[in-house]
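Structures given as structure tokens follow.
You will see subunit A twice below: alongside subunit B first, and alongside subunit C after that.
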Partner chain A sequence: MDNKEDLKKVVDQALAEQKVPHVKLKKIGAQKADVDKLTQPSKETRQEYWGKGLTYSAILLIIILVASIIGFIAVHGLATFTQNHVNVWHFLSSTDWDPGEGKNHVGALAMIVTSFAVTLLAAIVATPFAISVALFMTEYSSKKGSRFLQSVIELLVGIPSVVYGFLGLSIIVPFIRSVFGGTGFGILSATLVLFVMVLPTITSLTVDALKAVPNHYRQASAALGATHWQTIYKVVLRVATPRILTAVIFGMARAFGEALAVQMVIGNAVLMPYNLVSPAATLTSQLTSQMGNTVMGTLPNNALWSLALLLLIMALFFNFLVRLIGRKGQK
Partner chain B sequence: MKKHKLRNLILIFITILAVNLLTACQNNAKKVTIVGSSAMQLLAEQAGNDYRLSHPDSNIVVQGGGSGTGLSQVQAGAVQIGTSDVFAQTQKGIDAKKLKDYLIAVVGIVPIVNKDVGIKNLSQVQLAQIFTGKVTNWKQLGGKNIPITVINRSKGSGTRSTFESLILKNQKPIKAQEQDSNGTVRRIVSSTPGAISYISFPYASDKNIQKLSIDHIAPTNKNITTNRWQLWSYEHMYTKGKPNAATKSFIDYMLASKVQKDLVPKLGYLSINDMKIYRNSKNQVVSLSKE
Partner chain C sequence: MTTIISSKDVHLSYGNFEALHGISMDFKQNELTALLGPSGCGKSTFLRCINRMNDDIANVKITGEIKFENQDIYSPKTDLVWLRKEVGMVFQQPTPFPFSVYNNIAYGLKLAGIKDKALIDQRVEESLKQAAIWREVKDDLNKNAQSFSGGQQQRICIARALAVHPKVVLLDEPTSALDPISSSEIEETLLNLKHEFTFIMVTHNLQQASRISDMTAFFMNGDLIEYGTTSDMFMKPQKQITSDYLNGRFG
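Presenting the complex of A and B:
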């Protein structure tokens, strides 16, 4: 009760002292002021709770989702080693992949090597092009031209991977076949398809990196008498290097995880690649082509989950690399 | 006003969700989900469309996913019908005793080679030698001097399991490139010199590929019905135990003459009623002519 009396006093005092009339209090009137209502949370406060609750529950949902995905893949992926007693070292170092035959035929090395080969080759081919395009867009082209190029690159990002795979199957594979012989399926075809796919990713991130170089660096360089090109390769590129590397790693992460387009052009033979035009298989292509034919809970199925786990670990590794380079860049 | 709009939108969204869930529950009793082999997907989809016309309250959902998926899903009770190109007995991890097998159709498989190879007939032993990697040039088999390029089907796929059990007799195949669709295989074989693979009958019509006879027996439907052409497989529908009324009704429809005489041959398969023999999961053949 004391409290209520106190509050009434405060309200009265506030009414007496106000310089700008308090709309709400005036409307209600000092006498009719309902203390209960005034001490309850206002509508705005409830909105606050509502908004907070919404964002918190969304975050909670995402956390549960991520945790359960990782948990699910880990449980199934590790079952190969715990239930089926496959030797981890054997899994990573043997090239004999035939999980239907038993635990001594679960070796993923050929796929690991192929996955890294296509990823690295695609990044090596794509990076010079991406940097050149990005340099043109930020340093040479007019604003209009760079905006046009930007939309072209965004278009390339938006094309579904199955379309890239289809183009690769109908154009690149026959081309490779007519030039190098064989079937045309292999690492080279996959590299060329992935090159087109990672180019826009690396380019747009490199554009951001170059745009982030402060303009006064360029002006200072020009003031020292450097030509435009000297400024670019002595100043702009040097400053932007950490972020360009980040761009390349993002591109590599995309190439590493790409399944469908690669599966269509690589030939899907789990063999150690001995040249660039012999059919091979990546971790992802093996997953997509095999998952429908295995029975849940059996060794061939668990072995595929192990491949998925390996992909997950690699994705984490790429993320870690990006963080590491980003931190170095800040120093 | 804006705030109300947002709230209304959310309310409408939740209502729609709830209504959907409720109707889904109601339909569940009559819902028949069919999952599995891609060969059966085509057949079941088309049959399902016709079935819906005569049974308006039915709810047939057909999905692909592969024979392994079909068998494991039906075993887990997640779907009503699992379709497969192979006998459940041959799949590890599947308890065939719990599943009821319905043979729906028969499909032939034929080895194909690129036209330039210059070979039209091979013996079963020669085929096995090619796919186990013991023969590597067409010259060794009386063809032109072109190296052999083996195109395999995806490991564990029904076509490959059938081919390997009947031709290779469980010898270990060489590791070669794998393609999982009939269409892609046909394209590769027709454009790659020296290529050999095997596909199902309905896909084997292309000018640039050569269908092979095995031991001078031609790959025809007639030869399949008597098992003279041995390279064929059943298309199965599996249910877990006894099927419910809606499921049974659809399976009966698949086995009735409308589908068997009309749709099955149209898609290039053989009706199960045409078969003069029965072959069990261990490839033992029983003649049906006495019955």
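Presenting the complex of A and C:
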């Protein structure tokens, strides 16, 4: 009996102690809050709303920004054809570029051809070197050597394009002039400058591609009696091909879009290139050299926007190619 | 039976760590030898010494002697390409290349400079039959080898290793990544091939070793503890520690 009594006392006391917060809550009318607790958002849930809200609004802002950039370029780029009544086909197929003279002198073919020429040539020259350097870094060199080369590549990426252009102007252009004659400005000079500029891009992406080839392929190949070189060209390069192609396309996108360095060495004459050492102009170099000389809303200005639109479409096309190859590579 | 591979006092160290403390053992032709032992005991390392797959690891130092058909494979004059054609290897994970089944099997043959299409066709069929996978892939020879199941992939890898007609095939835990049914299919394949090839197999599966091997070696901490016929090893091991391990008391 005694024991039971004691127990009851202890329990009562405990209950009394527990009651204290209840009493306080009652005073501020929190009994209702207690009941609603499950249906009220907790602090953590509110943070979740906040985080989501922040992320979504940032995304929304960026989407609006991108859409307005594309919209702006499209509106102005298309004005050449809608307001100034330039024929689209004429724009793409004529080499007569002198928009100040009227709508029959807005032909971008010379620049389109030059842009593609420098891009393709730079990629063709740079790719074998890039693959060789990447192979050396991943397959042959010691860890130390490959780390050193990695930082050299990062340095090459970090040099501003105006510096490359300056180097090209002071070294490559005089060199071409002395070897081939003429002014030294032209597609060849631009190709050589772009070669150095896209080399690090293609190399570092190719290094990633080669590193992604699982090591057990190399071991299995060696265990079948393959030499290191046989393993490289029969297995490693073959497995990495889709990603190497992607690397080359990224390099081409960079070459296609490069403006400043190209503008400094290509000569900036909007002429159909008939050889590699005559002055020419790319879409980008024409934009950089002419954008200060036109008045907003006039035909010459709209014509430049059309060039910008063309560059935008090409950028989309390069992205599309990368996606396409990526999807094929997964199969 | 003739000895095909013999090792004498093989030491191997990674930097300052010695992983093998003098392994001496002989392997008989057309037998299946199982190398057993707890993880990290050096059995895989020793296996990889036999076709010099450890060469590519940085800081590795190997001393001692391994002879294949009485030729020292660690002699500076040894041609690795030749050695690896004679001593093939199958790995723990199935490692088919992401090519067609046909190109996987033909890979080693093409490396060896065989260009005769009919001969390659014949060898592909022969080795796929040997690896007991022919029935399952004969209509899909142009399908990517990686689209098959793990067990099928492993048998494709065995076929790939057999296609170059090696004398010895090293198997590094060939069934540990597979389900029991695929494992037993591979065991059966190995049993049927034992008369044509010499197999040296690392395994963690004691029952597997007792089922299919002729000889069993027990490794521990970089030493060869005991080596004998499989029945002797499992029925009356000489050393207590061997008995403990084979009875599953540790490891």
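Annotations for the structure displayed:
By our rule, the second predicted complex is superposed on the first by the 291 of 331 C-alpha atoms of A that agree within 3 Å, B and C clash if a C-alpha of one lies under 4 Å from a C-alpha of the other, contacts with A are read in each partner's own complex, and residues count from 1 in each chain.
The rule we apply is simple: contacts are C-beta pairs under 8 Å (C-beta built on N, C-alpha and C of every residue); 3 or more make two chains touch, one makes a residue touch a chain.
The structure presented is a predicted model; accordingly, all values stated were derived computationally and were not measured.
Of the two partner chains, neither subunit B nor subunit C is touched by A:160. By the touch criterion defined above, A:145 lies against neither subunit B nor subunit C after alignment on the C-alpha atoms of chain A.
By the touch criterion stated above, A:298 is placed in contact with subunit B alone, subunit C being left untouched. By the touch criterion defined above, A:270 reaches subunit B but does not reach subunit C. In the superposition on chain A, A:71 makes contact with neither subunit B nor subunit C. When the shared chain is aligned, subunit B comes close enough to touch A:185, but subunit C does not. Interface residues of subunit B, counted against subunit A in their complex, comprise 64-69, 71-72, 76, 91-94, 149, 151-152, 154-157, 175-180, 184, 188, 191-192, 195. Those residues of subunit A that touch subunit C in the shared complex are 216-217, 219-227, 230, 234-235, 238-239. Looking at the complex, you find that subunit A touches subunit B at residues 98, 100, 169, 174, 177, 182-185, 264, 267-271, 279, 281, 289-301. Partner subunit A is touched in their complex by these residues of subunit C: 51, 53, 56, 80-82, 84-85, 88-89, 91, 93, 95, 97-99, 107-108, 110-112, 157, 160-161, 164.
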